[in-house]
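First the structure, in the form of structure tokens, and then the observations on it.
Per-chain numbering from 1; labels A, B, C, D, E and F assigned in written order.
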């Protein structure tokens, strides 16, 4: 406790995931006064065809817009 | 913002997903006074063996009941 | 089934909520081939001080940006 | 209604899932005064490389610690 | 780990909540081979005007249907 | 995109929340290659009587254990 869920489109590397959960855990420990071992972080990946912005699936958005 | 999550059993086609996120986005824009580009929709699919109703997994329910 | 969760900042009226759940339910029924009674919609409201974009809480964002 | 989401690392068998959703449904029916058919349970599995505790991914934790 | 989220309409008593989290925790411990202290259960309550079934808010459904 | 949800027991100050969303946003920007304005962070607070660990509600746990 606390539990953190990061919703993101698929495609990050293991290195990116490892660094992200480390940094988010540090942010929670620093600001919410808990010990690291109580912090759970889960990355919830989705297919690009399962996520949309502006009513358009990420699998069908122009590349430049996809990162927004 | 807003963010919409649709939890559903796997098996919908790309056409169904494309139409659903378009229609849900339109519903949010119309009723919550936001611009389309602020609306995020994510479809969270699950295996039939990971979802249950009435205590019975969807993978083990009769077909007629499965759609309920 | 399916279950839909709409995350939004507090402040919508009952009329807005009533219309939104009606329209989203219709969108799911139309596109995912289910009956209305199987569709659950939940609006998850949050305080403006509990939600942020660009690293800034909604309670501290300029009004124009807040709707984005 | 109610809807129950169980977040767990991948690796449980079908027998474990079947028994879990049956027992959780029974617990909800008994304590929240609803009929079984209204209870939805979804198991949300994640890859070990997508979940962390103490800032360390489950795919990189010692085995003994992984079950905690 | 695991983490369990129970989405329900407001109105349960403290006794009901206490018994539910105890029974759900026992179900997870028994079936997923974890120790009790690793199990987190959170009850996510919603206002009746924030939840709908069949496109109708719980605050506006007939009483008999509301429990379904 | 991405969207981050932080589940925590109630009781943090506005200063703690402001700092947390700023630091988490920075962590996501740094590791997932997105611009700050695409990052949404929501803090989902729960009453102590709605969250449990080890089968015991936080409202009924000893203080020392509550932070774990």
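Worth a mention:
Criterion: contacts are C-beta pairs under 8 Å (C-beta built on N, C-alpha and C of every residue); 3 or more make two chains touch, one makes a residue touch a chain.
Just so we're clear, the structure is a prediction, and the values are computed from it rather than from any experiment.
Between chain C and chain D, the least number of touch steps comes to 1. With steps allowed only between chains in touch, the distance from chain A over to chain C comes to 2.
Looking at B-C and B-F side by side, the one with more C-beta contacts is B-C. Different-residue interface: chain E and chain F share under half of the residue numbers found at their contact.
After Cα superposition, the angle needed to carry chain A onto chain B is 120 degrees, rounded to a multiple of 5. Centroid distances built from C-alpha atoms place A farthest away from chain E. More than half of the contact pairs at A-D come back, by residue number, in A-B, the repeat among B-C, A-B or C-D. If each chain is reduced to the centroid of its CA atoms, chain C and chain F end up 20 Å from each other.
Spacing of chain D relative to chain E, judged by their CA centroids, is 14 angstrom. Multi-chain contact residues, meaning those touching two or more other chains, occur in chain A at positions 1, 3, 7, 26, 37, 40, 44, 51, 53.
If you sketch which chains touch which, the pattern fits none of the simple shapes: not an open path, not a single ring, not a star, and not all-to-all. Chain pairs recorded as touching, per the definition above, are A-B, A-D, A-E, A-F, B-C, B-D, B-F, C-D, C-E, C-F, D-E, E-F.
If you check the complex, the residues on chain C that touch chain B are 1-9, 12, 16, 19-20, 23-24, 26-28, 30-35, 37-38, 51, 53, 67-68.
Residues of chain A touching chain B in their complex: 7, 44, 46, 49-57, 59-60.
By the touch criterion stated above, chain A contacts chain D in their complex at residues 14, 17-18, 21-22, 25-26, 36-37, 39-45. Every residue of chain E that touches chain A in the complex is listed here, in rising order: 1, 3, 40.
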